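The following pair of complexes shares a single chain, chain A, combined with chain B in the former and chain C in the latter.
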Partner chain A sequence: MDRSLNLLDLALGFDQQLLDPSPLSGKVVLIEDCVETSGSFVLHQVMKRVLSTNSSDALIFLAFARPFSHYDRILRKLGCNLAAQKTNNRLVFFDMLMMKCSDGEEIEDNVSAVAKLFREIQETVRKLRSLTNSNITVMVDDMSLLEIAATGSNSDRVLDFLHYCHSLTSETDCSLVILNHEDIYSSMERPAFLLHMVCLADVVIKAEPLASGLANDVHGQLIVLNKGISRSSRSKLQNFQFKIKENGIEYFYPGSRS
Partner chain B sequence: MADSIFRKLRDGGEEGELAPALTIEETVASPFALDVSGYLLANLSSSILAGKSKSQGLVLITFSRSPSFYLQFLKQKGIVVSSSSKWIRILDCYTDPLGWIDQSSNGVTEGSSLIKLHKCVSDLKRLFSSIIEAGRELVGDGKARFCVAIDSVNELLRHSSMPLVSGLLTDLRSHAQVSSIFWSLNTDLHQEKVTNALEYVSTMKANLEPLCPSSDGKRNALENLFLVHQDFGKGRFHVRFKLRKGRVRVMSEEYHVDHLGINFSPISSADSVQFNLQLSEKERVEKEKVVLPFEHQDHGKSTEIYDGRRSLADVKIEAAPLSSGELQSDVVSSGKDGEIIYYRDSDDEHPDSDEDPDDDLDI
Partner chain C sequence: MAAPNVRSSSFSRNISVVSSPQIPGLKCGPNGTTFISTGIRDLDRILGGGYPLGSLVMVMEDPEAPHHMDLLRTFMSQGLVNNQPLLYASPSKDPRGFLGTLPHPASSKEDKPTVPDPDQGESLRIAWQYRKYMENQKNAIDDYSNDFDMRKPLERQFLSGRPIDCVSLLDSSDLSVAQDYFATFLSKFPRNSSSIASIGRIAIQSFCSPLCDYSEKESDMLSFIRLLKSMLMVSNAVAIVTFPPSMLSPSSSKRLQHMADTLLSIKAIPDGDKELETLLTGYKDINGFLNIHKVARINTQAPVILEAKTFSMSLKKRRFLALECLNQAPVDGSSGTSYGTSGSCSGSSKSGALDF
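Let's look at the complex of A and B:
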């Protein structure tokens, strides 16, 4: 087995590169985290996987949370040069930090800012498709900030946006990877927004702290739930722990670390 | 039992009667309404093709999956749909429900005769007329009828209010040319009243219940999803029929979803015992309310359990009169009718001892 694969890669199905070069194609991956445990490292890892040298997959990144320089620095530590990928046309970076949209700012052709954003993405997907035939991944970091940016109009707009992104996955076989925070919605009895995303997702990755509290050697645990029924050989739910290191993450099964 | 739903949908209602309607209810933990509607679609399609059904066409309105997904699905089931098919129409509310996609730049066609693109989901009147129009294209204006399938009303409910949606469904049901109709709903995404309203306008309700130990009913839908992991894809399928005379019948089955689709099987005999092994939520709450004997009966005072003699507190109170002389008690009680006066010899004598007093006799 390839030594470079870790437990998360295995859980996401990156171990069968020959059989299925892009296992996430046409799928929606939802990463849920909470205040105690950030899930952005999962995002970084999937980024690295998508942009790895032995595939030609392309990535469209919507950054609501952090600027390009941040991701550039982190991915460099993981051994991936984002700036180079940008010039290679394998990465399209949307800096959305300053995005604000409200109903007051409707554009002349009666389309909201969210719809405009989607059109841009769709246009980008079409351009990338004409360049390469491989899989395109759309990544959102993170969805709750889009919700914040879109309030003032209707938070339903975000769900509409998600719906359209979902239609991209089925029409053009893109993958959609979304980071979202779970505990924002914890006080709600029916967090419709969150539940809607979970319904759309094919794979749910949940990052949470250890139930027993903080520890030096274990920084938290990941639960990967594969909702797809078809691949029956793969276990549907996997649970493992992780330790975040300077330039990488160590994953291990609970209790298997000496 | 899933067959009986299918048969009811296939046979449709009598003339002058509302069309039978089915709500398929799923939750986040058991998101298989799509599989159930796929099962019904495949069966209805083949019976329409074989001419066994009262309806002659099928109008499918897609909200949660693209039309190509359904065409692929039907193909897997051995039903090939070509654009010249005269028995099915798909109304596509998935690809562009709000008209966001720029027409000028990408050249999305308005759809073929098979698949029609519907762009204004919030306008339910227009949606209604497009459904009827699509149906008429299939079966003509006469008395021939068609089935209507809506793959998810959740999207509809997001764009319009609940009364409007249930109004649309009722309008469809009461249309003379609609023979039967079914839709699916994820009950976790909406308030309970929405679920109730939609159940109310339907004659059948199919509920997919996950196999999970839901000991307390208030657990969050998300936690349920992670709880059912090992049994994901399995569960109970409950169907409630409202019969014509007003009777209600509930039936249950087990379902199992695999990559080929959904399978139904009768509930295994191990579970069908005559008595309940588990408490329902209501029963549990009521059980907890019961005050057991000797428990909290004294409202704050220490619990007293009668053991045959006076309690320590009583002894202290009466200690003084006793010490003044034993005769006194005789005097006090003498004028009364009858009384048993008994002075215990010592505290060594146990009042209700189970011990055999002759235990130590050596005979």
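Let's look at the complex of A and C:
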């Protein structure tokens, strides 16, 4: 059991599965990255954790950034078959690549495309709940692209969407995992959207490049802030470095790599 | 350690069998991707083969350097030489006029910029019996990429009768017209798993130029690029978009950078900068800098770690675009001359000891 756990799993609380089989249930995880270092590998790892064979958790994936084939290939190398999980009803994949929000269609249906998307998610959660009683994770692979898709109509809609999704975590004990890009907001004076997300999040994972520049052995560092209060023994803020490989990710504390 | 290696290698072998390129100008890459050439051999080598199909390449312009045009020109010329359909959009009244400035491929052997250095010739003479194999190797990659003579305009045979579309971005007051145009162009290259029929190339110059009517609406531009990227992912095409980041708000510029699969930027080199002149060898030949911020990561999560991020752009023999790692000259003046000569005549691959 211990050998399959890495530092990120420990920071997320996956080491106490006897006490708490799904440590992320009812929680919001926010992954922040920047142009230099992509945080998508954290998504892949959480995906693999959720869909692992010794649990029966389900995953709802909203793909704004990449098509299914991309994730299928990556997860296959990590040892997880997405197509099979789809047929097992453990994965529901929403392809949102071509999502458009225009003001025109809004008048027809009297609901915006973002609201429609949330209703679909809600419906899917209900369906999955009737099938199984295990935890459901909702994952958004790039929140900033939803913002772009929705700003044609109204920017507040994305914030509403975020709050609706947050209500899922409290009502049905879903987990919410969101990837967003932090550096987009760094030039803004008061980035309401980012602040809201950080405020709602129970776990914030920040992927950053090394200050010392490019390196072959260390691809960057993660800062994990776990706001969970139940596990008081855990240190709240953790910092470790990573190296991304095709079939997994190596994590290590700074300076501890032989 | 051995077991996953074996599994991953057999995996990629299957894929390369399925999508072995039928038409020239394609190269199989890792993870089921296919590369097309950038038109600059050095850039192909640095990026690991070229631009992967289905990727969006963004180039950040420098208002003081026009070298993003060279990247566009070689990209377009390479497509025309390989008989690939091209769509070019720019904020000028007559975008077709730009085709007259495209470079011509260097045809004859003597024109090739790869003149062997004196010491390289030495090593060749030792292994002279292998020379024929090296020739073979050169011929094998020849139909993939060409060297372009930046001074010689592209001959008519490559322009007439070829499928070239030119769009002026000035005409459309909002981007929905342009978007439909791009969508119909890209619908000609659908991606299906069996084989690749043809490859499309899209070049957009100075996308966010203030000359365009839509330049006020940043959200429209962002959503245009987002949809372009989404369409590219399901088609056999590559789009290269240059944009001036200084014309955009910082957050929109960052959003564009995030959407890029491959992100490059151009930097002007200050003229007559004494400090830089002493630092870099071959300062006089350098026209500008090319920074590589992101290399496309399609179907994989492992990042490509380059040996350097910044490369100098220079014209070899005043004709051929070359990219080199920056060679830092030693501070000591006495040894500087000897280092300088050996550093300037060699590419980045050879002078590893001098790279910083």
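Rule of thumb we're sticking to: the second predicted complex is superposed on the first by the 254 of 258 C-alpha atoms of A that agree within 3 Å, B and C clash if a C-alpha of one lies under 4 Å from a C-alpha of the other, contacts with A are read in each partner's own complex, and residues count from 1 in each chain.
Everything that follows uses one rule, which is that contacts are C-beta pairs under 8 Å (C-beta built on N, C-alpha and C of every residue); 3 or more make two chains touch, one makes a residue touch a chain.
Since this is a predicted model, take the numbers as computed values, not measurements.
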item: Three-chain arrangement built on chain A, chain B and chain C clash or fit; value: fit
item: First, second, both or neither for A:Asn247, with chain B first and chain C second; value: second
item: Which of chain B and chain C A:Ala215 touches, first, second, both or neither; value: second
item: First, second, both or neither for A:Val198, with chain B first and chain C second; value: first
item: Partner chain(s) touched by A:Ile74 [first = chain B, second = chain C, both, neither]; value: second
item: Chain B versus chain C as contact partner of A:Ser40, first or second or both or neither; value: second
item: Touched partner set for A:Ala149, first chain B, second chain C, both or neither; value: second
item: Which of chain B and chain C A:Ser167 touches, first, second, both or neither; value: first
item: Lowest C-alpha to C-alpha distance for chain C against chain B (Å); value: 16
item: Touching both chain B and chain C, residues of chain A; value: none
item: Residue ranges of chain B in contact with chain A within the complex; value: 28, 31, 65-66, 68-69, 94-98, 100-102, 105-106, 155, 158-159, 186, 188-191, 221-222, 225-226, 229-230, 232-233, 257-259
item: Complex contacts: residues of chain A adjacent to chain C; value: 35-36, 38, 40-41, 44, 66-67, 69-70, 73-74, 76-77, 97-98, 100, 144-145, 148-149, 151-152, 181, 183-188, 214-216, 219, 244-247
item: Parts of chain C lying in touch with chain A, wherever the complex brings them together; value: 4, 8, 11, 31-32, 219-220, 222-223, 226-227, 230-231, 233-234, 249-251, 254-255, 257-259, 263, 293-294, 297-303, 305-306, 308-309
item: Interface residues, chain A side, partner chain B - complex; value: 111, 115, 118-119, 122-123, 126, 156, 159-160, 163-164, 167, 170-171, 182, 190, 192, 194-196, 198-199, 204, 206, 223, 225, 227, 229-232, 236-237
